[in-house]
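Each of the next two complexes has chain A plus one more chain, namely chain B in the first and chain C in the second.
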Partner chain A sequence: MFGRSRLGGFFAGLAGLFLLLPLVAVIPFSFTPKRFLSMPDGEYSLRHYLAIFDPDTWLASIGTSTLVAILSSVIATALAAAFSIGIWLRRPASGRFLIGLVLLPIIVPPVTSAVALYFLLAQIGLLDTIPGLVLSHVVMIVPFSVIAILGALSRLDRNLELAARNLGASQLQSIFRVILPNIRFGLFAAWFVSLVMSWEESSVTLFVSGVNVITLPKRIWDNLRLDLDPAVAAISVIMIVATTLVILLRKSET
Partner chain B sequence: MIERRFQLRWPLGASGSLLMLWALPVILLLAYVLPFAGVTLWSVTRPEPGFENYVRIVTGADFQAIFVRTAWVCLLSTAITIPIAYLLAYYWVMGSARRSRLIEICIFIPFWISVLVRAFGWVVILRNNGLASDVAAAFGLNGLSTGRNVWSVITGMVHFMVPFAILPMASVMRKIDSRVLLAALGLGCRPLGVFWRVYLPMSLPGVFSALAMTFIFSLGFFVTPMILGGGRVVLTAESVFVQMFQTANWGLGAALGVVLLVVVFAILWLSQRVMRIEQLMSR
Partner chain C sequence: MQRAIIEPNPTPPADSKAASPSKPGSLLQHPNSVAAEVRNLRKIYNVGSPQAHEALKDVNLSIRANEFFTLLGPSGCGKTTLLRILGGFEMLTSGTCRIFGEDVSRLPPEARPVNTVFQQYALFPHMTVRRNIAFGLEMLGKPKAEVERTVERMLDLVHMREYADRRPDTMSGGQRQRVALARALAPQPKLLLLDEPLSALDLKLRQKMRLELKSLQRETGITFIFVTHDQEEALAMSDRVAVISNGHLQQVGTPEDIYEQPQSRFVADFIGESNLIEAKVADSAGSEAAFDIEGFGQVQAPIGQRVEVGQQVWLSIRPERLVLGAVHREGPQATVTDRTYLGNAVEYHLRAGKHALTARSPRGGLRGRQDFAPGDAVSLGFEPGSIKVLLS
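Coming up: the complex of A and B.
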């Protein structure tokens, strides 16, 4: 095959290493026995992994993040599914406009979205609350769900739905019995992407919460800004290992 | 029981699917577009009515410095991101099966990992007495300037954007018909010539969308610059955060947010025009 030069391959390898470098670099720091962020010399300790289980700080934030991520990903996926199926069924003239509107939160700079959501929550008195945070996350992650579900629907044969209707299924029956089962993988992908996006959301989260409701990204942020607690390294290593496992498992399945 | 429930008609008849269709757009109009209108209102009413905030943004020396810095940091990180991403996308699509799989792993592990964790990784490497200065010292380069500076910010931003830039490029590269490349080879073009004169021009649409996307992303981004710049390399998006929460100047923060949005839409509009011209030229 053409164009696989040694030199190009070498540089591609370097570029790949560049992408992995900061993730690998964190690992040794998580095993330091010292109180501050440092490279362990000879002595190793798991104390910073144990610190993650402190119910007042890290564990509480992991709980908050999990709760917010589950709530917002389920709501976002449900709304995105309803919207996408609506578009697919009715093919409205305003479809392009509506899809553009729904995808706005991806295009608009995150910091501008953050100011808008801060304004909204300040007006309705939901700043720094779980419902307010869930609402903001839904707005920010729903475009990803919509993209995944519209993609799944575009591969669905329209005749299936027409046949179901023709055989006497009501609209609701055709949605629940024909459309949804056929796009279940797309739905799962939409939910999973939005779960991860919400779990990691930091730009808007930093604006709309932080005193009563402290998500994991917010706590990491505070630690990075104030002092470098090695617990951040331990948390990072756990997240890196989990992500790597998911990616490798998914790879080996296909 | 469930059977019976499904026998029921959709409660609103044909308008049921209309409700499904409009639920999300209406929520977004209320929870996103309308608040944005409110933000725009803030920008011209706080602290007092008028265009004071915009005048300050346009004429203030401090803001001009921030804009100039933002422009060149974002341009430079985009310019570094694109070749790295192109190289990786190329070997992801065209490389041997094994290399392609390795590159895919290198792309997607960072892609899915929190931006904070990635910035933290660079803090560990780049801070004073961090790994980078140790390595430099081992090569006899003492006193290499690392830590919180503009190069750290650019490194972190490039690292964040490379995986995003790869995706549009790879999707265009996948659609390139390999028979065209074989034809060029068959007609006597040297392999390097095939790349420069056939493959690269055919992959350019992907490069353009990656370019627009990367630049727009870099403009609105404040988490990585704030952590790696440590308040010394303030970019536009970070200054929104500072105005809102550190100096509590909501009107000014809102105005900056509006300006950022206008700039992003202008770039989008321009890039679409460029693409259209590109398409016209190729016909």
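Coming up: the complex of A and C.
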């Protein structure tokens, strides 16, 4: 409706500002010389940025989060690809039902999933372990991968698969040589979304880990609740900068 | 199950790029044998559900090796369905389907010695032309050198050498069509299925590709099963044509048979143009019968099958075989209602009693001398043997 009008640009800018302001507001806090969260009054310090490199706390959590995010995003993408391609190829009568089932974690409240996963992991003895956490993250992020990959498949010409089979490719060959290469952007999108979702997952993480395995969101959470450590602000600034860089890089690519 | 592997020619000399890639003689491996055969074939989509739809109804068909065979019929009549059953993409509901004698009803598509040119070509968008053509050969596990040699041969065959390293989405419809053809021909199938491969092309290109396809079929000796809804295309290219309507096989025969000896109203009407007139048998003696046409008179016509006096039949006459003359004698008459100039011919729309007829006279020559205007009364004559008697 606003199209390219000036008014439209103005409102878009206003909305952007509204969304960005809280992010920008955190920046000064990260430079405080004090050991609690506060506005710096004339004096600035980088001590909280250095604290991030403490191998026992922040750095360890960054490592844990990275490991969990990479493992769960790769596993989730592979599972989602297998599931979606199977549905796409076979078009079973129960297809809608199966998709609904896989998408459940999006629909049910996170606490419900969290409690369910808590009891599951307790049963199999994986509470508060990396494998247990990865398993939980996979369950939570697989729906998003499935959505991305099913979307890519819906734009794929079915005749491509028939053509491959017709030319002598087995089902597996046609998947690896024709289907997967043609949904590669969808796969990448699925993986990237999973990576981000796992990286920032907190609701289930709080239930199923926290003593031996502490992810970054969990540590931030603890600090905000108990410590008000300005390192949280420093971490936030770094994340904002990283995100902005990624967006800018992707922009300049296209 | 073995694919028909046609030995590649010894590498042709560099200067013989025009030479055809393979010699016809060496390829006729199954002279007079049956390439594909379907018996009592039925296909019902969504069996058992409320949307069940019978797409093929008891089809019997035998396609000879090395034949250019065409499935012709209006859109929705079941042509693609039949082709997909042959290719293994669709399960038949009942009946049998044999390819070179082997029952293939249960074989997956990749195990059949059959390749397909799809209606929208279905080229692999992530591969170059060269890789597209090589795909089938690689799937058969051919050695690299042979794959390369065959791909080069195919590129020449379809005149796509310049485009070998392009991707399909940068090419025109005609070019994609050629690549699809080369990709399907490269593994040397025994049977090539083509689903309306020319329908996406413009008229000029379509006519050119007709000739190319036909000569490609002769050169390679591969059996072609070609699907089209364009009767002109079917008549021009095929050795034999099967006319299908609404899931029923109407008639199978050479283009001449189909055009000259239609066996049903549908075929007479769908292939070329026909005047279809309802008539009653007045008298029948041996191979000749007399027919009463209401408000028109009596006509004689040869009959191929027994008819009973009083039986209801249809008479079919091609417009070009209806001869108009000045009214000077007894016999059927008509009034000209409209005259259309067509360049090489003139078309007259006529009314005779309750019947509307069309006649077409060539310009020039003996018959073309006489011209008529709307409102003129004319006498109707039929060329000998021009009236076909149809029972259905």
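Everything below uses one rule, namely that the second predicted complex is superposed on the first by the 236 of 254 C-alpha atoms of A that agree within 3 Å, B and C clash if a C-alpha of one lies under 4 Å from a C-alpha of the other, contacts with A are read in each partner's own complex, and residues count from 1 in each chain.
Please note the rule applied: a contact is a pair of C-beta atoms (placed from the backbone, for glycine too) under 8 Å apart; a residue touches a chain by one contact, two chains touch by 3 or more.
Here the structure is a predicted model, which is why all the values come from computation and not from measurement.
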Chain B and chain C placed together on chain A: clash or fit? fit
Max touched-residue count on chain A (chain B vs chain C) belongs to chain B
Chain B versus chain C as contact partner of A:Asn212, first or second or both or neither: neither
Worksheet item: Looking at the overlay, does A:Gln173 come into contact with chain B only (first), chain C only (second), both, or neither?
Response: both
For the superposed three-chain arrangement, angle chain B-chain A-chain C (C-alpha centres, nearest 10 degrees) equals 90
So, A:Ala80: does it touch chain B (first), chain C (second), both, or neither?
-> first
Once the structures are superposed on A, label A:Gln123 by its partner contacts, choosing first (chain B), second (chain C), both or neither. first
Practice prompt. Applying the touch criterion given at the start, work out whether A:Pro181 contacts chain B, chain C, both or neither, answering first, second, both or neither.
Written response: second
If you stack the two complexes on chain A, which partner ends up touching A:Ser154: first (chain B), second (chain C), both, or neither?
-> neither
Smallest inter-chain Cα gap (chain B/chain C, superposed on A) in whole Å equals 7
Dual-contact residues of chain A (chain B, chain C) 170, 173, 177
Counting only contacts in the complex, chain C reaches chain A at residues 3, 87-89, 108-110, 114-116, 118-120, 122-126, 135-136, 139-140, 183-184, 187
Chain A partner, complex, touching residues on chain B are 6-10, 14, 16-18, 20-25, 27-29, 31-36, 38-39, 42, 84, 87-88, 90-91, 94-96, 99, 101-110, 112-125, 131, 159, 162-163, 181-182, 185, 191-192, 194-195, 199, 216, 219-223, 226-227, 237, 240-241, 244-245, 253-254, 257-258, 260-261, 264, 268
Listed in rising order, chain A residues that touch chain B in their complex are 1-5, 8-9, 11-12, 15-23, 25-26, 29, 37, 79-80, 82-83, 85-87, 89-90, 92, 98, 101-102, 104-105, 107-120, 123, 135, 139, 142, 146, 170-173, 176-177, 196, 199-200, 202-203, 206-207, 217, 220-221, 224-225, 228, 232-233, 235-236, 239-240, 243-244, 246-248, 251
Residue positions on chain A within touch of chain C in the complex are 157, 159-160, 162-170, 173, 177-178, 181-182, 184
